[in-house]
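You will see subunit A twice below: alongside subunit B first, and alongside subunit C after that.
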Partner chain A sequence: MSCRFGKVEAVRNLTLAVLAGSIYAFLGTNGAGKTTTIKTLLNLIKPDSGTARVLGADSTLLGPRELAQIGYVSENQELPERLTVKQLIAYCRSLYPTWDESLCRRLTEKFALPADRPMKGFSRGMKIKAALLVSLAYRPQLLLLDEPFSGLDPLVRDDLIQGMLELSEQENWTVFISSHDIEEVERLADHVGIIDSGVLTLSESSENLRTRFRRVDAILEEGATASPALFKDGLLPEVSGSTIRWVESHYVNDEELGSRIKAWLPDCRAWTGTPLTLREIFISLTRAQRAASPLSL
Partner chain B sequence: MNIILAQLKKDIQCQRRPLILWGLCLGMAFIPLAFLNTFLKIHPPDISKANAMLGVLSMAGLGVACLFAAGLGLFLLVPLLVVRIVHEDPLMGTTAFWLTRPVPRAKLLAAKALLIVVLTLPLALLGGTGAHFNTGLFWAAELAWIAAFAAISSITSGLREFLAWGLALFFGKAVFAGILGNLWGQLHGDSPILSVGVADQLSVAAQAFHLNATDFFHLCYFAGFSAVLVHQYLTLQTRRSRAVLITMIVMVCLLEMAFGPHGNIPAGP
Partner chain C sequence: MLPFPLRIQPGLPISEQLVYAVKKAVISGLLKPGSKFPSVRAVSQELRIHPNTAHKAIAVLVGEGLLEVHPGIGTVVGQIPAAPTEKELKLLEGEVERLVVEAKNRRLRLDDLQRIVKQQWNRLTGE
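What follows is the complex of A and B.
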């Protein structure tokens, strides 16, 4: 699907499938198109072309029946702040036939929210917790989280992630979480998608991603030189004296990579391949995408 | 029904403070009325008893003062409440809480309309008393104004935008009607746009409901504003709702002009 705001194409030809039961981290920089994608999934924005299907239904036809199975928490969502948490719970309880009172009680205790104070005076973290509480207590099949950790202090973030992890063990839900706080979602996600300037640059399992990316440092013999152009399959190649560094995006095993390096760099004396964190992978891909767009990864 | 009641309860909880004020005004308006009514029945005024008469008069004066203060309070408070109730669950933008919750739009509209009717009813009853003081029907004007407040709130995202739209429409309509009236006057004098036969038929229809010209046009505005409100709630197409609103105002303006520059439907019985 594609979404356009005037002359700006916020999402361009996005093709993406999220497996039921997975926790999918949708990563991207500010303005990459994450929020637009999530809003399209919720029928808050209509796609200009293409379609999005959510729980088997066309997103533009989502009605109360489908929304009753979807939980949504966003940094931009406006809660009815004149209500107290208790009143908000009472209101939401009547909207959802699947509302689980015992889960609601557990979450209320876990999040330690003041039940009788209007939410207007709440901090950002408390508001996010309240939103999460009324988005989880009916055991949604799909949970859409749009930058839920943005602007929260590390303690609250950790609380939320712990809560999500605990629930994930018990619930058979699908979670689609957009964020630019990569360290936070790394603990949660089993699938990762990266979007940059409205274009999806990658979508695969986190395990696969961690396996196929390596930072490679190769040391050449004295006096030998190599051009970065040699590494057209590597990302962000840097040459510094006799050391060459790049990000390898097709790593299979040391043997296979070693033979490739030998073919490219006959003068290579030694090399090391270091696994990358999700954050490093994200930065490498985004930088590479911007340096040589469009780039097939 | 559960959802309508839950929505209603939520709106009442959200508007707790202005609703308490509304209740106080209501009490101030109706308690003196009821008290005076009972007092005068038990102690019918006797001119020979000067002191009792003075007491009755001072009580009546206090009651009337309370009544006017409360009436004024309600008159100012009800439109404010209407705007707040509609804005509480915004129909524009993509950040409203209810948009991502299983709240059917028709039920949301039903809950809001129910609350607005309940809040407006006492003012209409007070207006009914007030109608004795003037020739027009207060409730027709009140319906039109309340519907206008609700409709404009539904197509705006906040109080500031509401005020901008409200003022623009109010003055825009006056300017449009003025220009149209002058143009028509220069071209055709005092003759109505509609043929006398059509105008007469409309007049008869209006009179059948005991309406004079002002009431008739107020009810036209009420119907138009209600249509905008329903359209916005059911479709969430703000641009189209705004177009419907402007078209409706132009149409009623033209209808007013159709009866001649002064909108002369003969006064009802």
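What follows is the complex of A and C.
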């Protein structure tokens, strides 16, 4: 699907499938198109072309029945701030037939929210917790989270993650979570997608993603030179004196990479491969993408 | 709290790291045969990982006999068989070959290698 706002194409030809039962981390820098995508999934925005299907239904036809099975928490969550948490819970309980009172109690305890104070005086972290609490307690089949962790301290983030995992015994429970900070979802997600300037640059299992990247440092014999053009498969090649560094994106094992290096660089004296964190992978891929197709912003 | 330590590192699938952590805890005696092993849910919650990831690791450990599933009781740490079978020794051949190649590349002698293997053996198993 594609979505445009005036001249800006916020999402361009996005094709993406999220498997039921997965926790999908949708990563991108600010303005990459994450919020637009999520709003489309909730029928808050209509795509200009293409379609989005959510729980088997076209997103533009989502009605109360489907929406009652979707939980949604966003960075700019608006809450009825005059209400207390107790009043908010009482209100939401009446809206959702699948409301689970014992889960609600467990979450209230876990999140340690004051029950009888108007939410107006709450910190950002407390407000997000309250929003997640009432979105989890009806056991939605699909949880859409738009940057839920941004600007929160690590303790609050951890509480939120634990709260989400309270739902994990549920069958076919799917989470689609957007973030610009990878570290917080690195362990949790079993699938990862990266969007940049409205274009999906990657979508795969995090197991695959974790294993196929290495930063390679190769040292050449004295006096030997190499051209970075040799590494058209490697990302972000850099040459400095007799050292060459690049990011290898099809790593299988040391043996296989070693033989490829030998073929490319007969003068290679030694090399090392270092695993990358998801954050480093994200930065490398985004930089490489931008270097390959400079944007006219 | 989980009865074994695990610090998740980059570069390897989390489920493999979990399998390895449990194996290490079993040989060091941290996990005793017959003791209860945490549920998929508990492992997932403690490590903040996807329940499917925890499930995958536990399934591998059950498949290899390190964990046993007892209906009504749950998952327990399996009994360690007294002597390894030929088949189990064969499974290690790849790892040993890699170790010999690395050692030889670093100009180690066979007795150097035997010495460091013995050190690690003692450190991990307390024997």
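Quick note on the criterion: the second predicted complex is superposed on the first by the 286 of 297 C-alpha atoms of A that agree within 3 Å, B and C clash if a C-alpha of one lies under 4 Å from a C-alpha of the other, contacts with A are read in each partner's own complex, and residues count from 1 in each chain.
Keep this in mind: a residue touches a chain if its C-beta (ideal position, glycine included) is under 8 Å from a C-beta of that chain, and two chains touch if they have at least 3 such contacts.
Given the structure is predicted, the values throughout are model-derived calculations rather than measurements.
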Three-chain arrangement built on subunit A, subunit B and subunit C clash or fit: fit
First, second, both or neither for A:L79, with subunit B first and subunit C second: first
Vertex subunit A; arms to subunit B and subunit C (CA centroids, nearest 10 degrees): 140
Which of subunit B and subunit C A:L165 touches, first, second, both or neither: second
Subunit B versus subunit C as contact partner of A:A52, first or second or both or neither: neither
Partner chain in contact with A:S94 - subunit B first, subunit C second, else both or neither: first
Which of subunit B and subunit C A:A189 touches, first, second, both or neither: second
First (subunit B), second (subunit C), both or neither touched by A:L14: neither
Touching partner for A:R65 - first (subunit B), second (subunit C), both, neither: first
Shortest CA-CA distance between subunit B and subunit C [superposed frame, angstrom]: 26
Subunit A - residues contacting subunit B, complex: 39, 42, 44-45, 63-65, 67-68, 70, 72, 74, 76-80, 82-83, 87, 90-92, 94-96
Interface residues, subunit C side, partner subunit A - complex: 8-15, 41, 44-45, 47-53
Residues of subunit A that touch subunit C when the two form their complex: 21-23, 158, 161-162, 165-166, 168-169, 187-190, 207, 210-211, 213-214, 275-278, 280
Residue numbers on subunit B that touch subunit A, as the complex places them: 2-3, 5-7, 9-10, 13-16, 88-90, 94-97, 99-104
